[in-house]
Amino acid sequence: MSLYLIQLINGLGIGMIYFMISVGLSIIFGTMNFVNFAHGAFYLLGAYLCYAVVAATGSFWLALAVAPPAMALTGWFAERYLLSRLYHAPHQYQILVTLGLALVIQEGVMLVWGAIGQNVATPVLLQGVVVFGSFVYPKYRLFVIGFTALLTFVLWLALERTRYGAILRAGTESTEMVALLGIDIFRMFSFTFALGAYLAGLAGGLTAPISGADPFMGPGALSVAFVVVVIGGIGSFSGALAGGLLIGVVQSEMSSLWSEGANIMIYVAMALVILVRPRGLLGRA
Amino acid sequence: MTLSRRSFVKTAIGGAALAATGPAILRPAFAADVTKIRSLYALSGTFAEAGKTAELGARIAAPQFAKEYGIKVDYKAVDSEGNPGRAVAKILTEIQQNQVKYFVGGVLSSSALAMSEQVHKANGVFITAAGADEITGQNCNRSTFRWSVPTYGASRETVLPLIEKYPNAKRWYTITPKYVFGEALLQNSIDVFKEKGVEHVGNSYHSLSETEFSSYLTNASAAKPDVLLLLNFGSQSTNTLRQAANFGMKQKMKILMVWAEGLEQYEEIGADIMDGVYVGCQYDVSIKSPGNKKIIETFKAKGAPVPSYSSVSGYVSTDLILRGIKAAGSSDPAAVIKALEGLKYEGPTGQEEIRAFDHQCVKNYYLLKGKPKAQMKNKYDLVEIISSGKSFVPQNQSLCKMA
Amino acid sequence: MTADAPAKLEASGLVKHFGAFRALKGVSFAVRDRSVHAFIGPNGAGKTTLFNCLTGTLRPSAGRVILSGRDITDLPPHRRARIGMGRSFQVTNLFQNLTVFESLRLAAQAQAGIAAYDLVRPMERLGQAAASAEAVLERLALHPYRDVKAGELSHGQQRILEVGLALAGSPSVLLLDEPTAGMGVDDISIMKDLIAALGREHAIVLIEHNMNLVLDISDVVTVMHQGEILVEGPPDLVRRDERVKVAYLGSEG
Amino acid sequence: MRRLLQPHVELAVSLAAVVVLPIVLPSIAMATEVVIFIIATLGCNLLIGYVGLMSFGQAIFFGVGAYACSLTLLHSHVGIGAGLLAAIAASAIVALFVGFLSTQKRGIYFVMLTFAFSQMFYFIAYAMAGLTGGDNGLLDIPRPPLVLFHVTLLSLTPPLEMYGLAAVVFVALFVFLQRVITSPFGSTLQAIRENEQRAIAVGYNTRNFKVIAFVLSGVVTGIAGALYALFLQFAPLGNIDVSMSERIIVMSILGGTGSLFGSVLGGTFYVVAGNMLSAIWPRWLLLLGLILMVVGCYLQGGLLGAAERLARRIGRRGPRAMTPAASNKPVGRP
C-alpha cells in the first residue's frame, strides 16, 4: 500500500475526531447564531471528567456514559444562567463571556487536577492494533471511527426524523420563523446548548485515551473546530463531517511534505471560504 | 508517603509569594548585605508543572545554602507565565524595583535566551537549565551560566550507547519539532549516525502547536526503522510516545526520547507505556553520588516529593549562585562570575565543573530505560539508568565568543 | 401637476429573476420632476422588488434605471444617494443612539464627498452639513426634538425622521417606501401633507398601501400586478379601472 | 454624546496618569508596559467602540509592528525614528490587506475572518524563522538614542527615558484619536456602528470608512508593538499569537468601549492586576475569567461604565448629564 493511501486512511481517522470536536459548535453556531468560545473548554472538561471517572472506578465505559451527560448539564446551566441574558447583546459580549467561561474552566481544571496532563489508559478490550498488509492501525482509533460513524447516523436520524430535529433545522434557517410557529425558542436554545456541550464532552472523553487529558488542550481544539465549522458550512451537519475529514486528510498528507505549511494552508482555506463561499462547502444557501 | 506533590507546592507558593509590589517611591531599602535572588519559572501557562517543580527546588535550596554558607538571602519566586515577553518585563521590574542581580530560571529556550540578555545588560548573574544551546553557544555572555547538558551531549550520550547496545539496529527514524532546539538535537543525532554508519531513514518535522502525531508515526512506520528517535519535548513528546505505543510501535522497534523532562513526565506517560522505552535525561533520583544522596535527604527532611530533574535544576541553580558568592567572598556579581568560572563541585550527578570559556557546566547525561511494572519498587521508580557520560563541544569548536 | 416637466427617474424594461421566479417582467415608467408617482398593487405584485432595483439594493436581471439622464443601473446604493436619490425604509431604520440633529447632520454630511473623510478637523467645520440638518429640522417641525435620541422618539416622529434622513442629502428624487406604515390617523394626515408638499419640489416615488392617501396626493398612479404594470395614469382613471378591481379582488378571493 | 468626562478632561486625566504611573507603580518597567498596552487598546477600541467591529487580528499588527521595528534596527544603523516609521508602514500595509478582505463580511463572519488571518500570520511568522527568529524570537534589539537634527533628545538607556518615549507617543496618539473621533470621519464611523445599512442609504461608502478605520487601528497597534520591542529589546513570537489579540480585546472591553478613556482604564487595570495577581496566585486567570463573565453580563460599559454609574448614583453632577455608554446598546445582530 502506498504511503499516500495509508495517510489518506489515517487522515480520515483524524478527520472523524475533528468532526466530533466540531459538530457541537456547528449546531450551536448555526441555530443560535452564537459563537461559543468555551467550546474548547467543554471538550477539555469532558476529557478530565472522563479521566476522573476512570481513575475512581477503572471503567472507561462508565466514564463515557457519565462524563458527556455531566457536560450537557454544565452546558444547560451555562446557557440558562449566563448566556441566555446575552442574546440581545452585541456579539462581543457573547465572546467575552464565553472566553471568561473558558478561562474559568481551564484554570479550575488545573486547580483540581494539577497543571500536568493525565493519562487515560486505553480500555483493555481495545488495546493493540489491527494489521491490514502494511497498514497498522490501533484498535482504539478504529473504535473511535466506528463509534463516531454510529453517532453520526444517530444524530442524523435525530435531526432528520424527530420533531426536535425539524425545529432545529428550521432554527438554523430562521429563528424568527420558529418563534412564529409558537415554539419556545429559549427552551430550544437551552436544549441545543446542552446538546453541543454533550458532544464536546463526548469528544473529549473519546480522545482522552489518544492524547490524554491536558489542561491546555482547549484552545487548540477550538481553533480546529472553527476551521471545520467554517469550511464545512456553519450549522451544517454534513458540512462539519466533510470539513473534519478534509482537514484531517490534508494534515495527514502534508505531514510528510511540509507540516507547518499545512497550518498556513488550512487558515488560508478558512479565509477563502468565508470570502468566496460563506455558506461553506455543504452549507445551505 | 508524606505530603502529595501538589499540596506541598501549593502551600509553598501560597505562603511565600508575598509579592513585593509596593509603589516605586516606597521601595523597601534592604540592608546591603542581603543577597536578593529571584526565580523565574512558568508557574502558570503551558509549562506550569515543570515550572512550579523547578521553583520548589529553588525554594528548598535558598534557605538551606544561605544557612550553610552563612549568607543572608532574600528569595522570591516570580511567575514567568510561560511567556517570554512577560518574563522579560518581569525581570526588568525586579532589576529596577529591587536592584536584583541574581536570577535562576528559564525552562523554554525562548524565555531563557531573552532573560539571559536582560540579566547581562544589568550586569547580574543568571543560572539556567534550559535547552537552548545558544545560551552557552553563539549567544553566550558573561552573566549567564548553564547547568543542563547541551543537545550535543544529550544526543551523543543517548544515541551512541544505544547503537552500541543494539549493533543490529541500523535504521533510525527521527521526529523533530520545527525550531532551533529541535534542529540542534536533529543535527547532533545525524552526526552520530554518520560517525557510526547507521542509516537515517527519515525525519518528520512538526510545529510547536501540534497535538496529533498519528500522521508522523504513520510516516515513521512506513520507513520500517529499527529505532524511533523522538527529539521533541514536554507534552509533545508525551503525546508522540503515547500515540506511538497505541500504534503498536513499541513492539516493532526501540523508541528513544532524547530529552525527557524527568519524573513528572514519566508519571504523566504512565508505567505501562514507559516500560521498555529509552529516555535521555539530565538527572535521575537513582544516581549514586554523594551530592544526590544529600539532595534526597534534604528533600525528605523538608517533606517535599521525590527529587526530579525539574526540582533539582532549580535547586542546583540556586546553590550555584550562593556557592559563587561564598567562593568570591562578596556579593558583587563580577566577583561571583569570576569565582564560578572553573568552579569544581560535588553536584547531584557527581563531580561537576563550570567551564570558564563558555560558562557551561560539565556534567553527566543519562540514558535510562522504563522499568516493567513488576520491577517497580514504588510509584516513582519508573526508570533505571543504563549508562551515563560527559560529552561537550571542545573550546576550539564552540560558537561562544565571550567579550 | 406639471405635465411638461422633464423625467427625473426612468426605468425601462426592468426584469428581475429569483431563480425560476420572475418578480419583475419588464417594467417601464418615467417619474417627472415635481410630481408624486405612486406604485400600488396587491401583495406580491413586485413593488418591493421594483423599489430595491431603483435604490440599488438589488441588481435587475435586465433593463436600465436612469436618474436625471444618467444610467445608474450598475451603481451601488451609496453612489445613487450621492447623485441625488434619497430613500426611506418601510421598517423604521434610524441611528437609534444618535440625536435627531446628529442623524440629520450625518445624512447631510454624506454629500460632502472627500471632506467626509477628514480625519483630524472637528466635524463642526463642515458647516454645510449642519446647515442642511437645521433646514430639515425646520421643515419637518422636528426642532423640539433636536437633541433627543432617534430611538426615543414616538413612532410617528420616527417615521417623519425616516423621511428626513432621505431629505437631508438634498436629493432631486425621493423614494418613499410605505411612509405611513404603522402610523396613527393623526400622524398620517401630517405625513400626507408633508409628501404633498415635497412633491412640489421633488420627484417622488411612493409605495403605499393607504389607498385614500395615494389617490389624494398622487399625480400618477401605477398599478402593478404579478410583476407587470397593469394600469398607469392619473388617480381618477385608476379609480375607475375595472382591471384594478379584478386584480385586487382576485388576489383576495 | 455627553459623557462623564469631557474630552479635554479625559486628556488632562490621561496626562496626569502618565506622570503618576511611574511613581505609584512598583517599577518604571511596569509603567512602560501599562502605557504600551494602553496604546494597543486604543487601537482596538477604535474598531470595537467606534465601528462595532471586533477584530481578532490585533495581534497581527502588534507582531508586525514589533518585527518591522526590530528588523530595521537590527539590520541597519538608522535611528529609532526610522524603526517606528518602518513599524507604521508595515502595519499599515498589512492592515490594509487584512482590512480590505475582512470588511467584506459583517458580524460573526468578520470575527471568524480576522481569527483566520491571525492564525495564518502566526504560522507564517513561525515558518519564516530566518526572518523572525521563529519560536526564539528576535533577540538583542538595539535601542539607539532618539536624535533629532543631531541633537540627542533621549538616550533611552535609563528606564525612565524609555518610559518617556512611550508616554509621549501615547499622549500624541491619544490627542490624535480624540480628533479622529470628533472629525467628520469619526462621526461617520459612529453612524456605521449604529446602522450600516442606513449609512449606505444616505450615501456613505461604508466599506471605505471601515477599511480606513482598520488601517488606523492597525497602525496604532503596530506602534504599540514597536514600542514593546524597544522596551523589551526582544520580539517574541507570542506578540503575533491570537492570545495577544484576546488580551488586547479583553483590555478594551474591560475598560469600556465607546470612549478612548476606557482604554486607559482597561490597559492599566489589566497589566497592573495581572502583575500583582500572578505574583500572589498562579491561578489568577480564574479570577480574570470571572471578571470577564461579570463584565459581559452586568457591566457592559466596562470599568468606565461602572464609574459613570457610580458617579450618577453619587449625583455629583446632574443626572441628565449622564448618558449610558453607547456600547450598552445593541449594535444590531448580524
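Which chain is which? They are A, B, C and D, in the order written, and residues in each are numbered from 1.
As a working rule, a contact is a pair of C-beta atoms (placed from the backbone, for glycine too) under 8 Å apart; a residue touches a chain by one contact, two chains touch by 3 or more.
Note that the structure is predicted; figures quoted are calculated from it, not measured.
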| item | value |
| --- | --- |
| Most central chain, judged by mean C-alpha position against the global CA mean | D |
| Cα-centroid distance, chain B relative to chain C, in whole angstrom | 74 |
| Distance from chain C to chain A - Cα centre to Cα centre, in angstrom | 48 |
| Centre-of-Cα separation between chain B and chain A, whole angstrom | 36 |
| Separation of chain C from chain D, taking each centre as the mean of its C-alpha atoms, in whole Å | 42 |
| Multi-partner residues of chain D (each touching 2 or more other chains) | 123, 126-127, 283, 285 |
| Residue numbers of chain B (touch at least two other chains) | 48, 52, 178, 207 |
| Residues of chain C whose C-beta touches two or more other chains | none |
| Chain pairs in mutual contact under the definition given at the outset | A-B, A-D, B-D, C-D |
| Contact set on chain B toward chain D in their complex | 13-14, 17, 19-25, 43-44, 48, 52, 78-79, 81, 83-85, 88-90, 92-97, 109-110, 113-114, 117-118, 121, 132, 134, 139, 178-180, 207-208 |
| Of all residues in chain D, those that touch chain C in their complex | 176, 179-180, 182-188, 190-191, 194-195, 197-206, 208-209, 212, 216, 326, 329 |
| Of all residues in chain B, those that touch chain A in their complex | 6, 46, 48-49, 52, 178, 204-207, 209-212, 214-216, 218-219, 221-222, 235, 238-239, 242-243, 246-248, 264, 267-270, 272-273 |
| Chain D partner contacts - residues on chain A that touch it in the complex | 29, 33, 35, 82, 85-86, 88-97, 99-108, 110-111, 219, 223, 226-227, 230, 260-261, 263-264, 267-268, 270-271, 274-275, 278 |
| Residue ranges of chain C touching chain D (in the complex, touch as defined) | 55, 76-79, 81-82, 86-87, 89, 93-98, 102-103, 105-107, 109-112, 115-123, 125-126, 129, 151, 165-166, 168-169 |
